[in-house]
């Protein structure tokens, strides 16, 4: 028997105004799995990740993370919206890495990393600082602890962002096109950190255009188009022998 | 196409002359000199300016002006931040209260606000919980207290708009990053968004601060003896109106000249981590 | 009459004053101390009653409300006793004031008498009743005799009226005659009087209408000062001798 | 790991109650009612407010206030834009003049500036070119002219800081793109940078506009009969200070309430092309 | 005999403070040539282009565009700096396309294109508008004339930016990484426009990371490193058999 999924998305629907961005999306991710989501611009990949992390509220369907229902409590067969503080607590199960890094510009790399553990999780500052330094070393930035984001290259900023998410000890890591804002020579260093993370057994959902990375690391690849999951399967199958015409069209456009 | 290009590697660059600039400087200096002369020979008696510049009453007024400026701006900033945060709350009641406050206090003359606080006893003769502990309103509402309330609460309404603009200027990605590490809205505002908003807030707040230095003079209607009030008391006695206003202006200029570098210091402090700052 | 027990217990009378009306009340530019005839008179009254005066500076805007809210007990600040001011206050009249035209010394020959001002611009502080007095004079002495009316300019206080006079923005100004000797001593050879005062008004010490006990006690004390010669001495000290009163009246101003 | 997840697809979402909000609304309404009652029964005589609200002198003052607000803001905006552009000029003379102007006029009390303009004749008895054509200064410097100059030039100093912040907020890429199509600095400012800066400029300028509505009241010291001046003239005669200040406040509130939607309209206009606007 | 160069860069040096960004760079571009400049981040590629377009002033060396000396007039063997208006006129010889598009956000696509010709060149509005519509059609955006930049995708914005530069009728087009801010599927459409432009005989200097484009279109490829031109030659030679070790290292990093 396969292990129970750690993320379970069931019949997710999302509208922005009258425009439906997600159409009945369902997806299970098991512990230790790496799932890559690919698809054209505007197909809803970012919105899907943001629903999992509760940065947007879905309009229908349910998302379970580590056995807990996202955003609601269940009483007498009805769903009651959780207060803000409870949602903030639930978010700790997932770590998010954004396309545009979103480091806090007024804090050094080290301060960025320890902010969450110290201010939110109220962990002991000294211990967290040691952990943060270890994480910085792990992403190859041991000597940049005191640098402000503006003093780091894009690739370095993104690696700090990954360390920041990891220091919260999340169960699942979400990546939204983590390399697409980077210069080509900087992409490699970030992908290397992500590969190492996947190898260490972290559960990861990765929205990416880096098909080489998907091919190498992903246990499963999901192709989305216009708010729907069109095709899902192993990396070799989806990227090598896509079944659907739309997947083929997308791949040939990206591969040029 | 032209022929082969000349080799100019040995040529030196002629220094720039900027004739226009020098002429402009000369004209401006001449104008200033003419103005200075007109003031010097005009019906202004400068010995009065010199005599009263350091008169004890003027210096007392100066001190009161400075203290009240900082105190009222302190009240204004606290209220402004709270109001700005309320305006951006998802709770419509809080939003409504904040909007009403800004509307009412930006919309009424400060002089009325000052007089209403000072004369609160017309409406509430005694303050406190009746039958338990009360105090005569006029004893609480001294000129200093009324001036602080009147100026501070009025300033809060203006400051809240400044703070709101600052909060809106922070990239939404920062709110999301803060949420993603589990912060609640208020914690994110305090730790992440406000410190970054300060960069945008400080320059207009500097304007407001300088405005407050001079706004304190309105408090003279409720007997708060700031510097303009002191100057007026003197010219009521000796009729040297322009001369004493110049005394006040010299001190105002001095305060403003000191505040400006302070503002720059703060700007540098909050530019930490951006291209300009360290 | 009896001083109210509360004031007796305190030992002081709080009194509002706007120190912008030399020589009745002003802050000595050199020392910053309150001085003037009203201050001296007030202190003498308090002494007569075995009390002390506690002077509180105020502004026009805050003055009458202060009496209503009980922030002060009385107002002694060269205030005209006018019927429109009497619905919360009651006045003990203690000085008379003549409404006096004056002009620049250099133009004195242009205005040998008051009637010469017809058709000219004449200013007075808008905080006082003087703009109305000028208009009344113009109506009877100018318009009534077929001459052009005086153009009345309400200025921001009497110091401003004098500044405008020096620039030639107005041709003459009006102030209470009790203030003019002082002003003319401050700025010698600058101003010249035009004719006699047009009218005499009364100045009053204001008390809260309800506080009749305090009012009557103060009126008695004033009568005492007149009787023992202190009042005359104070008048002389501030060159106000022609502004003194013989009889103390209550709310007699017109 | 937990067992299989429950199927909740049939569950409905319970509506949110927001008890806290309703209680807050109730408390606020109660407080407002109590306050209204206190004002109504307090020592304020409302029939005076009613009588004088539409008195002809008050309405004349109101009109003057509105006209002067727009006129002085017009002068202030023109001066402010010119000064902000001068401050960013590569020419150090222009920069120096602009900085001196801002320093001097932000640093001195408006009341002094107004009085100096009004009493300019003390320094320059006649204006013009001597021996050719001159005019008595007091005839030119009427209260209206002096108020316009005093308020407008003072406002220019403040506005220039607002405009400068707006210009700095426009992405430098926009200057470069404008240069790349051959624009000179001034043309780029006029066509490309200023229109974009307006988005950042308008909210603080709205603050300044509302400030100006009330700042005009200072011009009453030079006999400009704006609304507060009219109200004061009445209360100097009848001593109904609070009542007449309330009359003025009602009109100020009315003006401010009309200006706010105007500001929103302008904001929408200049948001053209951004995410929010069309 | 080869035609005279239309752009001639001679011994260019540029400092930012004490840091030397360009070291004695010399480069000739002949009419109709397409030169691609490649190199690692920070190697000075952007600075070089900005010197040609006079957005920055060089510290030494000369740049000639179409026979005119950039930024100076020559009198009696000395160089005199030109006034701003003359420099603005000289800039009309070069058209620049930026990495971040830099369209004017408060103007529609059409208004963006006609702004320069009408306001700067004082050409007749009606005629320019027709030309602008033709250019929009040429870059495949005939139906987007009335759209604001915020309503266009990145690729569409960059094509409008190219049309804007072309409408000024420049002698040389300068491109600074025109596709690096674009999503992968949008890169193709911009490159297609550029290929068509090269085929039409336009002289182009292109800073790019798109080696495929360089291989296909560039007459010459220049490799820069740390402010120096390290290697220069045909596309096949520089990209296929690089002579210099640094070129080889760079190419292997970018090709992954």
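The letters A, B, C, D and E name the chains in turn, as written, and every chain counts its residues from 1.
Methods note: contacts are C-beta pairs under 8 Å (C-beta built on N, C-alpha and C of every residue); 3 or more make two chains touch, one makes a residue touch a chain.
Just so it is clear, the model here is predicted, and its values are computed rather than measured.
Graph distance from subunit C to subunit E, where chains that touch are one step apart, equals 2.
Among the remaining chains, those touching subunit C and also subunit D are B.
The chain with its C-alpha centre at the largest distance from the centre of subunit A is C. Centroids built from CA atoms put subunit E at 37 Å from subunit A. Inter-chain centre distance (subunit A to subunit B, centres taken as mean C-alpha positions): 45 Å. The distance from the centre of subunit A to the centre of subunit C, each centre being the mean of the chain's C-alpha atoms, comes to 82 Å. Note on chain placement: the centre of subunit A and the centre of subunit D lie 47 Å apart, centres being C-alpha means. In subunit C, the residues touching two or more other chains are 61-62, 65, 68-69, 160, 163, 166. Residue positions of subunit D touching 2 or more other chains: 43, 119, 122, 241-242, 245.
Looking at which chains touch one another, you get A-B, A-D, A-E, B-C, B-D, B-E, C-D, D-E.
The residues of subunit B lying in touch with subunit C in their complex are 43, 52, 55-57, 60, 111, 115, 118-119, 121-122, 125, 136-138, 220-223, 225, 230, 232-239, 241-242.
Interface residues of subunit A, counted against subunit D in their complex, comprise 3-4, 6, 8, 10-11, 31, 61-62, 64, 67, 69, 72, 74-75, 77-81. The touching residues of subunit D, counted against subunit B in their complex, run 21, 24-25, 28, 38-39, 42-44, 91-94, 97, 103-104, 106-112, 115-116, 119, 122-124, 158, 161-162, 165, 203-204, 206-207, 210-211, 214, 217, 228, 241-242, 245-246, 248-249, 252-253, 255-257, 260. Against subunit B, the residues of subunit A that register as touching in their complex are 53, 55, 84-85, 88-89, 91-92, 94-96, 98, 100, 102-108, 115-116, 119-121, 148-150, 164-165, 168. Note for the complex: subunit D touches subunit A at residues 1-6, 8-9, 11-14, 16.
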